[in-house]
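Before I ask anything, here is the structure I am working with.
Letters A, B, C and D mark the chains in the order given here, with residues in each chain numbered from 1 onward.
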Amino acid sequence: MIIVLKPNSSAAVIDHVLERIRELGLKPHLSTGEHRTIIGVIGDENKLQTQPLQAIPGVEQVLPIMKPFKLASREFNKKDTVVQLGKVKIGGGSLAMIAGPCAIESLAVLDEIAGAVKKAGANILRGGAFKPRTSPYSFQGLGEDGLKYLRDIGVKHDMPVVTEVMDPRQIPLVERYADMFQIGARNMQNFDLLKEIGQTKKVVLLKRGMSATVKDLLMSAEYVLSEGNPNVVLCERGVRSFEDSTRNMLDMSAVPNVKGQSHLPIIVDPSHATGRPDLIPALAMASVAAGSDGVHIEVHSCPEKALSDGPQALLPPKYAEVMAQIRKLAEILGRTF
Amino acid sequence: MIIVLKPNSSAAVIDHVLERIRELGLKPHLSTGEHRTIIGVIGDENKLQTQPLQAIPGVEQVLPIMKPFKLASREFNKKDTVVQLGKVKIGGGSLAMIAGPCAIESLAVLDEIAGAVKKAGANILRGGAFKPRTSPYSFQGLGEDGLKYLRDIGVKHDMPVVTEVMDPRQIPLVERYADMFQIGARNMQNFDLLKEIGQTKKVVLLKRGMSATVKDLLMSAEYVLSEGNPNVVLCERGVRSFEDSTRNMLDMSAVPNVKGQSHLPIIVDPSHATGRPDLIPALAMASVAAGSDGVHIEVHSCPEKALSDGPQALLPPKYAEVMAQIRKLAEILGRTF
Amino acid sequence: MIIVLKPNSSAAVIDHVLERIRELGLKPHLSTGEHRTIIGVIGDENKLQTQPLQAIPGVEQVLPIMKPFKLASREFNKKDTVVQLGKVKIGGGSLAMIAGPCAIESLAVLDEIAGAVKKAGANILRGGAFKPRTSPYSFQGLGEDGLKYLRDIGVKHDMPVVTEVMDPRQIPLVERYADMFQIGARNMQNFDLLKEIGQTKKVVLLKRGMSATVKDLLMSAEYVLSEGNPNVVLCERGVRSFEDSTRNMLDMSAVPNVKGQSHLPIIVDPSHATGRPDLIPALAMASVAAGSDGVHIEVHSCPEKALSDGPQALLPPKYAEVMAQIRKLAEILGRTF
Amino acid sequence: MIIVLKPNSSAAVIDHVLERIRELGLKPHLSTGEHRTIIGVIGDENKLQTQPLQAIPGVEQVLPIMKPFKLASREFNKKDTVVQLGKVKIGGGSLAMIAGPCAIESLAVLDEIAGAVKKAGANILRGGAFKPRTSPYSFQGLGEDGLKYLRDIGVKHDMPVVTEVMDPRQIPLVERYADMFQIGARNMQNFDLLKEIGQTKKVVLLKRGMSATVKDLLMSAEYVLSEGNPNVVLCERGVRSFEDSTRNMLDMSAVPNVKGQSHLPIIVDPSHATGRPDLIPALAMASVAAGSDGVHIEVHSCPEKALSDGPQALLPPKYAEVMAQIRKLAEILGRTF
């Protein structure tokens, strides 16, 4: 950590800062420049990271040198983490192809969709039983019934299933039925939820918050990892921006950006990122080309009657087309699903 | 609601849309233009709002005419809502002057700060017992001990107290000690939390999420209101932006924007909006001039030793100066605190 | 265009709006709903688009139905435009692989870089002679000398050349030396520049502004097209966002988004979008997979001595690696360069 | 400047960096930490600011300590700059109250508006003769005729006049008629325009770009100042954001933020920031309370017939009301206009 003092800081100010650093068991390293005095701090920077040094009178800037996450960092684990979900591998060249409806609506509709996406090559089935909806008057999900349908259809089609958990109290219930927890964008910084998911061993799909930086996302992963659960899969799903023709802005650079800083797998969800079926095929291809460890796509056999987010779902035949293209792409990249 | 069809839509497509509208008990109103066919829908638009009409083949755009919130709307209640918090009124010309440390650290420090802000004119005391922190390695709050300190110091200085609740399971505990719940920015769309707070009658301070539009904020208020709790105070606290010299960007226009659309009181928090004590005084003044129903400011007697967000806290003498200025301003505007 | 009136609008208000519409030679179509009166307007919507109908008392919302651009629209030209630049085709399956240094520094350095990128497969050479720099104290470009070097090296390596024009007065000079004008992000809404470039017949590379929506970009293209120059190539190069680990945020969805709405070719510039060489290879691949008509990459043989934007340049061997990958990808997609 | 090396950098890497620093006539100061080697650089940081040190292999981060602007900085001039515009003073407690129509349409309309705003207390008249319009099909301004009307009406009502200049070639013409140049948001980084305006001595109103940070704005001011023109007035007019109910997001914190870093006056334009007349009065008040040196408001006597931006204009009686409120506010703040 580097502490930059204001111009013309008095000796008393400098001494006060040095003293505070030594109080924390660290070694200050003074460097007096032409315009500014700078103090380098040697020792465990983590001790400093939670100290409000910026608030000391006379301090102009505090510049951290180290990343604030550890277990999620590439330094901690040089090799790519491969998460195992039943027979499906995620990471290290194996792609998670997650597909299904936004919300679970009925056994029959889910069965139809699952059969179609499985045939097209999907290896994980998604479906929401608890739905975070902007409006209290919108469909809120089928709850436990939905979870049962999801598990039964997953078993029938031999696909592990993923579903969102919105509240720590839902963890035991969801854990019973699902193979993978999803933490949605709106809950990326629901820290109690992160901690308690961290106390399970189940695989987690952690979606990036709508206003979260890549660093924020990795800090949220750190919450789960630091509680003992290493099975974290990240998901880029678009962030808020001024562009009003897409629902969010898909930050494709997050894929190589995360891969450089972290060993965790990361997949992309072009459905929520754009909200527009016409853009999903191109972005699904781009995600795999960018190095993502999978793609998450919403599919519905009758979007106009879907109870949630119908307008952004792909029809099964369109999904099959996209998957055929991705298969060719994966081949030249040496990846499989 | 207005449905715009794609150019050259066939009669079959038009009929299908008309039929779907009639199925919902609504009346379609066809209008054939030079370039497009447009269908106006007459009847209860709420029935349509949750239908995925956009997903019907042939539909180009769906344009809602009505606002998606009801109980929070100005149409629902023409008069400004005045929320009562003990002897303090919020709204209708009465300002909530909320102040205190970011986190509750000890009885002594809280007492010192409370005494100072009370003297300066604050009428509500704040302090966090459960802290949402980006890093799992940061101080997470004192929990119930913190709540006890807060209540005791509030009683001692005769100020109602507000503190954050992060998890629905904390509601009964926090309800016991606090006069006002705070729902933080990160939980603005934690819908389970909103619903259960809505089932209490306690006053809620609902902070705007970092990527929430004003409409999103009002939709979250609608969650609380629709469960039966009318005591909602909104809070603008800055949103994410590209400007990197302030922590967030304070959206001052949210104040008159909310007041035009809703009857609920709205206050401003320049501390979290900027993270910079040098900017807080000017923005506190601006908030009151913009018509806000109060100001929320973090104050700490020793920011450099604060356990959370020290660098953004004002020192008590600075807070007293700001309050003296605000008092003069409030007077010419006909407001009181 | 649809005009939504405020609730309970009086007959006088309605009549006044109807009259204004008829004054413009258009036909109003009244529709009285339960909550709102709505007026559809039949006729040439363009006449209305520039009228301040929103300002008429009693009008709540004005909802345009038609897109504001015409010549740039897919409706105007169903087939993809293919722009010809010497022997190079851009669009319709032919990729523009633009590479070179940010700024032209000397004949020798440019020659070295040009030789390397040509060998790797680049088909257009870039280099800046007039540089828009945030600081007046930064290197501002070599001007005409730079243009000469660029032309000479382009001829030597048989590559058409592209360079930025910042001011309408530079057009005749740049036209003499370059094969393709570049309009930089900061000038995307320099309307005089757009108009005068539109009066030439030379190919234009029009970069998206840092806060421009896709619609804004297409409106700027419309300026060039409406003056008679049909040779416009669009370029996505990232927009401003809150993410602070990349210089801008690459909006990959702009590629299929533009392709759906417009017949113009669009390429991607991952160099300016990220400012980070470690992210460029993945994003270059993703761009082609997303359907872009080319990739623009800055390459420098000695980034640490570059006079502009050195830190974001790829080294020639790295560029060659990326191009080898892209070649394999282009093949399976049926594209060539 | 501080250079942070990658972990485990070899002696050769370190030596290479040290050598590059010495080449520039600067003194490196090595500091070997537990995790990282850090090099402080002593001497004129400006020499380094334009060097691509980040591109040197082995360098992880380059952290500037000094601000990149000089003449615009508070360090350069501790006292607030007061710009003189005829009899009107801007800065140092004197407020610029700029008002007028978006575009100049006719002598009669301008006269009517000017008379009304003058009476309400405006001290500078605005009006556009060259209009930057998103669409090539929109009204582009009256050009020189407009400038003549503006000057004549300004003389008649004894108000200095301000108007936008979009192209360096318009400078001599606009200089002849106007008392103050306006550089619009879209041209904030039109560096040729900035430089040539800097070569005149006329007062400039420099508006913040839609995606410009406060630092970018001050760097653009530096362009004008460094050419010899000290008469710069900055203007906050909102930036692009995801909030879709206002045209832009007014960054009120820019006012105290600029005042802390710079001696230049800054005014606020709530008209362009919001595009909504219902929000302008509250934000005009807030701007003055935040410490701005003036307010820029568009006023039109018949917004529904305005040729540009009618829907955002205030009617003269509303403007008079706002000004009466601002007068009371200015009084308690010790400011005058």
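Throughout what follows, contacts are C-beta pairs under 8 Å (C-beta built on N, C-alpha and C of every residue); 3 or more make two chains touch, one makes a residue touch a chain.
These numbers come from a predicted model, not from an experiment.
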| item | value |
| --- | --- |
| Higher-contact pair (C-beta pairs counted), B-C versus A-C | A-C |
| Most distant chain from chain C, judged by the mean position of its C-alpha atoms | B |
| CA centroid of chain A to CA centroid of chain C, Å | 31 |
| Length of the line joining the C-alpha centres of chain B and chain C, rounded to whole Å | 38 |
| Shared-contact residues (touching 2 or more other chains) in chain A | 211, 239-242, 244 |
| Chain C residues within the chain B interface of the complex | 2, 4, 7, 29, 31, 33-36, 38, 40-45, 61, 63, 65-66, 75, 240-242, 244 |
| Interfacial residue positions of chain A with respect to chain C in the complex | 211, 213-215, 239, 241-246, 249-253, 255-257, 259-260, 273-274, 278-279, 281-283, 285-291, 328-329, 332 |
| Chain C - residues contacting chain D, complex | 20, 46, 49-50, 52-57, 68-69, 132-139, 166-169, 186-187, 189-192, 195, 209-211, 216, 219, 222-223, 226-227, 239-240, 303-307, 309-311, 313 |
